Amino acid sequence: MNKTHPTLYACAATAALVATIFCAGLSILMATTFLQTQSATPLDTPALQILKNQIQQQPADSDLTEQIRALDLLVRRAYFGSLTALRVGAFLLLIGLTVLIAALHIMHTLRSVISHPTPNSNGITTDVLANSRLAITLTTVLLIALAAGIAIHLSRPHATQLPAVTDALSPSKGPSTTQLPPPWPGFRGPNGLGIAYDVTPPINWDGESGSNIIWKQEVPRPGFSSPIVANDQIYLTGGDSNVCEVYAFAASDGQLLWRHPATGIIGSPESPPEVTVDTGYAAATMTTDGNQVYAIFANGDILALSPDGKRTWARNYGVPDNPYGHASSLLDHNGLLFIQFDDDTGGRLLALHTDGGDIAWNIKRDVLPCWASPILVKHNGQRELILNGNTIVAGYDPATGTELWQFDCMGGEVAVSPAWWDGTLLVANEYAKLSAIRLDTPPQQLWEQFDDLPDVSSPVAWSNRLYMANSYGSITCLKISDGTQLWQHEYNSGFYSSPIIAAGRIYLTDKHGVTHIIAATEPFTEWGSPALGEPSTAIPAFVGKRIYMRGTKHLFCIGAQ
Amino acid sequence: MNQAQQTNITRRGWLRTALRTIALVGLGGVMVGMVSRTKRLCTKVSSTCRGCAKREACGFAPPRTLWQLDPTKCIQCGLCATSCVLEHSAVRCFHTHAQCGYCKLCFGYFEPGAKALSSAAENQLCPTGAIRRTYIEDPYFEIAIDKALCIGCGKCVHGCKMFGNGSLYLQIDHSICLNCNECAIATACPADAFSRVPYAEAYTKRANGSSEA
Amino acid sequence: MNRKLTAALIIAIAISVSTLLVVNKRGCSTTSVPESYLYSTKVYTDAERSAPLLYREISRIPLSLLEPHALTIGQNGTIAVVGDKALLLMDSEGREKQRINLDSPPTCIAWTSTNIFVGFNTHIEVYNAAGNRLQTWQTLGENAWLTGLAANTNTLFAADYGQRIVWQFGFDGQLLGKFNGRGPQGSEPGFVIPSPYFDLAIHNESVWITNPGRQRLEAYSFAGKRLSYWGKASTEIDGFCGCCNPSYIAITADGGFVTSEKGMPRVKRYASDGAFLGMVAPSDTFPKGTVGLDLAADNDGIILVLDPGSRAIRFYAEEAL
Amino acid sequence: MRIRLISLSIMTLGLVLVAPTFVSAAERFPTPDFETGYTLPSTPQPAPRAAMWEVIDTVTLLAALVLGAIFALKLRSRRAITILSLFTIAYFGFWKKGCICPVGSWQNVFQAMTDPTTTVPTSVLFVFALPLIFALFFGRIFCGAVCPLGAIQDIVILKPIRLPQWLKHALSLLPYVYLGIAALLVYTGTAFLVCRYDPFVGIYRMNGPFWIIIFGAALLLIGIFVARPYCRFLCPYGVLLSWASALSWRKVTTTPTECIQCQLCEDACPFDAIEFPTQATEAHHHGLKRLAGILLLLPILLGFGFWTGPHLSNLLSKMDHRIQLMAQLELENSIPAIEMNDQSAAFRASGTSLASLQQEVTELQQRFKTGGHILGAFFGLVIACKLAALARVRTRTDYEPSRTNCLACGRCFAYCPKEHEQRKVGSSRKQVVSYSGFSHITHGVGRASPYSGSACIATDSPRAPGIPGSTSYNAKILLPKTPQENDE
């Protein structure tokens, strides 16, 4: 102990002890109060809430009101009481700590003795340096590891953000199971469902100024068919009364890699059939399985071309006898190419072998002419090929062509392809109706609806919502489960192109080439409406971070430069 | 050896002086730059300086900035009451009488579903009873906020905004606000309603985006 | 000795870092707000559910207006809507037949067999069914703020929220009279209008005027004498809640009332004696924060609701009971 | 970001322009015509802290720094410094509530430098610059007694221990990391990290987030043994100050005259800032070789940092509220099951176009990317320098405070016999006692009496035979110091 000032030392020691106890107690007390006020505010008393709910039932009850008033007062007192308590407590604690520290300093001072430094105790030596260098290196590694750890920890939840439905509806594999399916294999994307998977398309561009336009390439001949994308090439058809052609553009820079005229095909008519201007000769969109691309034209010519533009086969199974001209797009699955051949001679569903082009099967359909395109869905684990027809909607086994079911609900000039969501089929047409059909056996109509029906643009279904647009410029969102309208919006310009769901947004291009980007949810929220700078009726192709859009004259590649 | 050391030392000393001068010049440059920048901006941002008495002069006295809540952005999430560094938040409810409807059935005052339009506890909306309601004449009642009791939860603001004229609004009481360099509420605010504004217009923002007359 | 303390130090630092992370989380979380700080409208929505829903939305017409303000029904079901700086004339199907551009933003409208009266802040303009402007009436003072028009065969009533009076005009624009509802020697507070919603409707020989500040509807003779009133301030479903409701009214063919409210944007149906019948459209029908649901009722019992929130006219038909 | 006047002005304009009709109506709402002659009360607007106070604060800071410099360099009085630091705690701490402090103010200046739309109030500018200027002339005077964060830690130092060298060096990386990250977040307008996690400001306010206060308390507890943990192993402003004081004109010295290698000051510095004479004996070229190796490593470290930096910054970008909001909106729009949170609800209500937000976020991410590159390179450089500094043994003959690490607390003064020798001249022993500092009175007493003057040292020095110190001491006696050496 200390010789020089024993009393002083003793006093300091006691003071320190007392202060310590005081501070410890006080801080614990405060911490609890603090946490109380933080977690559950005294104002948030369940008891009071219960009483208030009771008073709703019996307003007349006087002693209940008395209770409430009493409790309310109590609670508010408690709250402000706790605030004051904290403030006072803080001050007291401060005083306590000051005393403590002072006392400790005095004690320390009185007790301290001269430390006799030992020789060579703490000099800088080489191994100290070595250790330090090692330590610094290790710390660096440690910090990097820490950062990486946090990064991994944070990045984990992002995986779950992808909609669970994706794999349920994932595009069908081509003949060779090893390779990935083409990113945008045909009309309205994978299986014709109008949904783009794993894409992050841009939301602003401008065809005029060329902002976010990666490239722009003139398309030699006109056509209403939409672009498809496979092995880094964009395929298009175009044609006029002279000749119909297939074009392939390079995804990288948009240069026209090759063009293949549909000529010299056995059974092809001498003179092209009568078509109207708003259908043209190349209205049907191509399809591809990644190994070959397939095209069909108004005169019934069907071609299969290799990615480098060599013709593998070409057939003509009759000229579609069709008031406007053939417009139904192709679809392929498991080595079969499906053609919806609904014309005045009565409807057919053709399936050709993708190698060779011979008829695998040919199913008679009792329908009137129709311009809709088939879709391929997965229902109860089975693939089904679904055709919108006039007046029958029917489902087929894509392997054998056996008709699985049919449902009579269509009418008018059917050009609108079906939409599909989770076991529910949605078919609509102007002058007919929109009906939601549950594919049980037999199919049940859940509900029907008669307003704002689409005429050209095909509806798209996504997460229990149906989006449909029509050529009058209205876009409507309905709840698929019960058909209630969630929102509707009127645009000045009408729609021929169809809505596509990409990255949780609807991309819908109007006749003037303005793409309306709308959140695929409610309420109606528009992300923007970038303009292509020229009219467009085709359906854009969504691949990765890019959009390929066909205007009347040009093919555009849209994406961040 | 010693000689070497000496020259070594002088060299270091000289180098140090040179660097020091550079550092000083740099620091000075930064300061001058900042001040002139403030001048320039202050002449530019005249629209923010609305209602600022010494707007013209402000170029010469770079503005102190204070935190301000923008009531038009406010969504009354209640975080003002809980996330201030002060236990009793510096955000309080303000009331613009000029905008008040003096409504008998005031939705800033009465609990939703209140049975009687009396000031009894069970009818009051305010969790701390910070709103005073005084009769003026039929059918008008005056509403006044007791700042000492208000905790800035914005419950009344929500009611008034929803049903009434939005004469009640949340704002920072600068006699309480510590003007932290980073406002804790601002970091928590979901509506991003907090921003720094020149000293002169600490209170110019009011509900409905109109500025105090 | 040193080893121990270094260990302690490292642990301490680890603790501090973790606390930082905790604080950071707390900083971001918005869950720490007590229930008692949040405004709940549950009471109202519950009440709405308990009340009978008498009507069903049968169709909806989207409008090509950004800020539709008022609508009215003309001859044989034609519809007129004003908003932005335009007057829209539509057929009964809701197809836009004509769009007449106006010089200033209109606030209200009335349509008689002969004329369309369009109210602006401070004056009234008269158009014919073809959409040509016939007259522009004199301004009613710079404090004027017209929010409602109603006309019968020969007189037009204009509700002026700015000056809290109701004007009465002949069709030639000649001022027939005005009244402030204060009654003889101001015994009454008159029209109490805290916010710019002041509507009126004509039925038989009386004009029904909202008195939102007092949460009631008042009937006045054309001479400006108050005949009767009904309505009570209440947060119950049968009364009007909010500082100032109802915001708009319409009178059905049978003399019953349709009222719209702001705050809880909803439409209710009352009998001719003011007895609450049920809901036309509960508050969850309209987008959050919708204000200004103007109303019109045609002769076959269809109720038209102008929904500025979704920029559309909603048609409601009585649910077959 | 929060302090952008321009954006604010635009916003204000916007509000005025797009105010919906309901608003404009409510603005010209005619107040009820009261018959009882009731007059409208005006809304009270409690005034902020008067502008004058900022001037006073700045002046006080200047005065404190001047005093600090005098105390540390001229008077060489530990006691005076202690008293000053108590004042600091009282004024800059409890009275001024520890905000705005120089430790945080560099962020404002840095933001204003990187973002041309922001301004810094002059007072803040001075608060930032004064300590640095003083550091350039007199060393880290600010840390010694004028920094409220330092002062509160300084008074709790009771049983300081010397950390092992390797740990000291390892931990000394942290301030650079903190500085770098904080700077990046300022550059992107995400946060003022240093202010958000200031451990002691909560204590000065006697209020604040619970966990911050706990953190502060924890640091103080550690500070009893490991002196000033925040200053030495966290403070980002300390980094700037150490750079400045490395160039300082004058610096605090342990001994008033010249060092005599008595070793008595070895334990004097609780911050381990006194550098000892080197005892290492290694061939010169070894060190050089190592140094060369590290210099070769430098570009690799820089490159690695530059490459990995964006990954780190990408991680940090998740802290930014705009990026969080964008992610939330994306999520809500792609998965309808997701509930709107307050942020997205408020955003949707505000009517701002998503495209514009997208635009802002993309720019922001670009900022994070570039910032990340710079940050990574900076870290690489720091590590390289640290290693280079440790590459070879710098021959040192005296005990002297390190230029960069010395916090100018003046504790070591009382340990130096030379000090007492000087004080003894014409001064009573009492004065020596009263003189030599707050907590070391008895050291002073104990030390002053046994060895007074160099004579005793000579008798004392056999305690360390063969230390280069003693030899060089003799050398010193023989040839007096050149002025340059004094300067050094």
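When the chains are written out, they are named A, B, C and D in that same order, and each has its own residue count from 1.
The rule is short, and it goes like this: a contact is a pair of C-beta atoms (placed from the backbone, for glycine too) under 8 Å apart; a residue touches a chain by one contact, two chains touch by 3 or more.
All values reported here derive from a predicted model rather than from experimental measurement.
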| item | value |
| --- | --- |
| Pair sharing more residue contacts (C-beta pairs) when A-B is set against C-D | C-D |
| Chain at maximum distance from chain D, centres defined as averaged CA atoms | C |
| Centre-to-centre distance between chain B and chain A (centres being mean Cα positions), rounded to whole Å | 39 |
| Whole-Å gap between the CA centroids of chain C and chain D | 60 |
| Averaged-CA centre spacing for the pair chain D and chain A, given as whole angstrom | 47 |
| Geometric centre distance via CA averages, chain C-chain A, whole Å | 38 |
| Overlap residues in chain B, where contacts from two or more other chains coincide | 77, 87, 100-102, 113, 127, 165, 184, 187, 190 |
| Per-residue overlap in chain A, given as positions that touch at least 2 other chains | 38, 43, 56, 86-87, 523 |
| Chain D residues counted as touching two or more neighbouring chains | 26, 29, 32, 35, 162, 164, 167, 196, 207, 209, 341-343, 349 |
| Overall pattern in which the protein chains touch one another (line/ring/star/complete/other) | complete |
| Touching residues (chain side chain C, partner chain A) in the complex | 32, 34-37, 43, 59-60, 62-64, 287, 310, 312 |
| Residues of chain A touching chain C in the complex | 38, 40-41, 43-45, 49, 56, 451, 474, 485, 487-490, 492, 523-524 |
| Touch list for chain A against partner chain D, complex | 4, 31, 34-35, 38, 86-87, 90-91, 94, 101, 104-105, 108-110, 112-115, 117, 119-126, 128-129, 131-140, 143-144, 147, 150-151, 154, 161, 163, 203-204, 463-465, 503-505, 519-521, 523, 525-528 |
| Touch list for chain C against partner chain D, complex | 1-2, 5-6, 8-9, 12-13, 15-16, 19-20, 22-24, 26-28, 30, 67, 69, 105, 143, 145, 161-164, 186, 192, 194-196, 289, 291-292 |
| Residues of chain D defined as touching chain B within the complex | 2-9, 11-13, 15-16, 19, 23, 26-27, 29, 31-32, 34-36, 38, 40-49, 51, 54, 97, 99-100, 104-105, 107-109, 112-113, 116-117, 119-123, 125, 129, 132-133, 136, 191-192, 195-196, 202, 205, 207-209, 244, 246-249, 321, 341-343, 345-346, 349-350, 395, 475, 479, 482, 484-485, 487-488 |
